[in-house]
């Protein structure tokens, strides 16, 4: 961290300020030019916020040179992290480091027939994970809120029938006891900065699919991952799912540059959700291809057998047939990227 | 809700679609022009999402005419809601319907001296509530996270000494047992769409200060209030605290037009947080004045005795002296608006 | 400007880089700590872009300490600038430094009766300038584009009849020959970064009303002013008129914090356009009050005798009666701010 | 266009309103349900703005069903438009309808050696167009503004030596006389809503590369194209070059979903500028691949022989060697998309 001191500051004041900084556990290097005095902070500055330094009356400008995250930081962990989920027969399904994870399924679990039917179908097409919501975060209290525990049971039945590992959303920590058989625990975009929840998930031993908040920066997403990792859980999959912008042609704006950005700064795998990002079923296949070309480690795609009567988010769900065609195309893009589905 | 049907749709298909809609509990009015068939949905459409209707292949366009919220809606509750908080001597401190609530205090509770000292000082200057954080949502897991229970105790001591009712943030529902003596429970911007938390707060009997998420729309804020109100808790105070935009001169962009917008659509009181919105202490007094002129029912302002050494958010805290001068000015603006502090 | 050099850079490389920088006309101060070498650039750095320095392989981070604008900068011109427009009888109408300029009138000039009628009415109510568009920037080529030269003639007639100085928009430099009798030349938000136009206006001798682009930062607005001032024209009035955000309750989001931000960084007067910012006539009076409370040096407000049949922007125009009531209120706010209308 | 009338409106008032609407040249279809009266406007509604209808006191809601653009609209021109630029030997270079246009070159023309050298090199690698700026829109008046006419001459020399057709930016209409030998005239993002300029370009007979304004919607970009097309010039190439968002990891946020969005609504070709969008040379190749996978009809990429000493935008320029490697990769993606470079 570099601090530019206001011109004309007395040496005595700088000395006192330096002492204040060193009490926070860093070493301070002083360097004075004729026009500008600059302090360099060395050591672990992750606990020091630029903004609070900025409050000091001697400070002209503060610049963070090192990122404020450590465990998520590629600088300290150069190799790509791969998340391995064990499945029947001693095999694993992997995400990251050259393996693409393809998660497909309905927004909400609705009935046994629906979820098992879709699970069989997407497995056939090549999906490696089944997605489906039992607890649904809905912006209206009057909208369908998911089947809850019953939905969870149906999801587990679909897992048993197909062998597909499952990914589903947890909305509050007390639900965790229901997640024993769940393979990947999803944290939704609206909970990305629910720091209490993140801390608790740091103590659990399951892979976490952490969705980017729709108005969160790259750094904030990595800080959210850091919250979980600081608790001891290193198995994080990051997920870009669209950000808010001024245009509403699509529901959100899919920020594919987040993929190279996150992969440069972090070793964690990054997947993309083109369904929630665009909100438009017809756009999903195109953006899925583009995500692979941009370096994504996987996709999470909504597939529904009857999108027009889906209880939730039908407008963004593709049919099993469309998913099957898409997989044929995606395999070619994966090959170009030298990745395995 | 109005649904424009795609040109050229067969009558049979429209009939089936109408039946599908009526199964969701609304009446459907059909009206055909030469060029365009339009269906009008009558009844309670709050449980029907425009987006899911948009998925249907017959639908050209969907428009919601009625707002998706009921209890928060001024249409069904024309008079302003006033929140009354009882204080010693049989008195109340009020927010809304002509009464301004002025909440002041430090971002974080740090020591007994600090919080009691600031409480005495802001009371002297005319604050009607003491604010202070015991549980702090911080974007870094390595930043100071608040004193927790100990901070809560100190806050209650300050309440006892000064008689000021207190407002403090709850980050997770299990903390609620510590909030018995708290007068107003704050839900932070990052939890505005933590729907599980909102539902639980619907069952508690305390006024809730609901901060607008930094990328949430006016409608989403009112839907978050509706989540709480649907559970039976009508005592909601809305709070504008800045939204994210492309400019970073200020930490967030204070959206003062949210005040008239919220007050037109809802009967709930609306206060403003100029400290978090701007992140700049020197800008707080100006924006506080503007908020009153824009019709705010109150303010929540960070005041710290020593902003330069504050453990959190010092750069946006004003000193007790600055707060005292500000109150003198605000009284004049309150008078113009015919409001009581 | 401060440049942090990448750790481990050879002295020889730093020396060459320093030479490269000095060839661009600045002095370079070298200061090495044990962990970080920092270069401080002294002199006129306005022609050096941070982004291009960032391209250099030795550079870790670049920070600009001084603002990139000079003539618009309050640091070099501490006193508020006041723009004086001469009117009949040796008097002036002023904007800035304690004087509020109130500009009112229709979006578009439509007929002689309309513009003269509105002019008389707003003058009666206390407006100090007449606004009205002859050349209209419309997002559709099929929308009414303004009356052009004929509109200009009608505007000048209204000026002659009422004595009100006029402000109207110039869309291209070749129109300037028609602006001889115009008192203030408006540059629209969509032309704020039309640098060719700005340069040409630097050579004209009329006050310029420079509207902030709807997605331009505070710094970019001041750089646009700097373009004009660099050509020799110092008479600039800045105008906040709403920025784009994710919410569309209002047409744009009125950023009132831009007023204290601009006034801290610059000596130029700042006015506010609540009509275009909100797009909602019922919200205009509230936001006009708030703008004065936030320190604005004036307002530009759309007033139309028959908003429902206005050829342009009727939904944001208030009636002459509403304007008259608003002026009564604004005088009280102006008095609190110790400003003269 | 559909207009929902406020409940309880008298028949007489609806009749008068209908007459008012029909005077604007459309037919009005009346349809009354028990709860809601709806008017449907038939005919050419492109000249009627929703916002101005919204001003009328009888109107509850207005919805546009048809897009406000005609000539750019795929509905009236289902086949993809292809832009053909003739080059020596009776050949053409094409953009759109299966042909990828690859434009490469420096941000600014600096010297003869530079531009001719880069031109030879990118041609060798497979670029089909040479880009380079002679007139540069810079946010600071003190930054290098381009070589102007001299730059134009150098660009034409490079064209002559290599046979590459050239694309370069026009900042004001009076420069058009210098563009005789220019193959594609670029309109920069900051001029996308310079409507006077767009109208003039409607009268010229050259292909126009129209860059999306950094805060303009998909619809606004198509309306800007419509301005040019309404004047008679149908040769428009649209260009996505990044939009403003709250995150500043990249300079802008590349909105690749704009490609399928624009191509669904319009027949015009769409290219992508990953250099300006990201502002980061290391990210350009990744986003270039993703753009092709998302369906782009071409790319415009900054290539500089010495990015570290470039007079402009060096941080986003890739070297000729990096461009050469990129082309090898892009050919594979083009093949998957069945497109010809």
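Note that the chains are named A, B, C and D in the order they appear, and that numbering of residues resets to 1 at the start of each chain.
In this section, a residue touches a chain if its C-beta (ideal position, glycine included) is under 8 Å from a C-beta of that chain, and two chains touch if they have at least 3 such contacts.
If you want to know which protein each chain is, UniProt gives these names: A, B, C, D = 3-deoxy-7-phosphoheptulonate synthase.
Keep in mind that what you see is a predicted model, and the values were worked out from it rather than measured.
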| item | value |
| --- | --- |
| Higher-contact pair (C-beta pairs counted), A-C versus C-D | C-D |
| Distance from the mean Cα position of subunit D to that of subunit C, given in whole angstrom | 27 |
| Distance between chain centroids, defined by C-alpha means - subunit B, subunit C (Å) | 32 |
| Rounded Å distance, subunit A centre to subunit C centre (Cα mean) | 40 |
| Shared-contact residues (touching 2 or more other chains) in subunit D | 215, 244-246, 248 |
| Graph class of chain-chain contacts, one of line, ring, star, complete, other | complete |
| Residue ranges of subunit C touching subunit B (in the complex, touch as defined) | 215, 217-219, 243-250, 253-261, 264, 277-278, 282-283, 286-287, 289-295, 332-333, 336 |
| Residue ranges of subunit C in contact with subunit D within the complex | 20, 44, 46-47, 49, 51-52, 54-57, 68-69, 137-144, 171-173, 190-191, 193-197, 199, 213-215, 220, 223, 226-227, 230, 244, 251, 279, 281, 307-317 |
| Footprint of subunit D on subunit B - complex, ascending | 2, 4, 29-36, 38, 40, 42, 60-61, 63, 65, 215, 244-246, 248 |
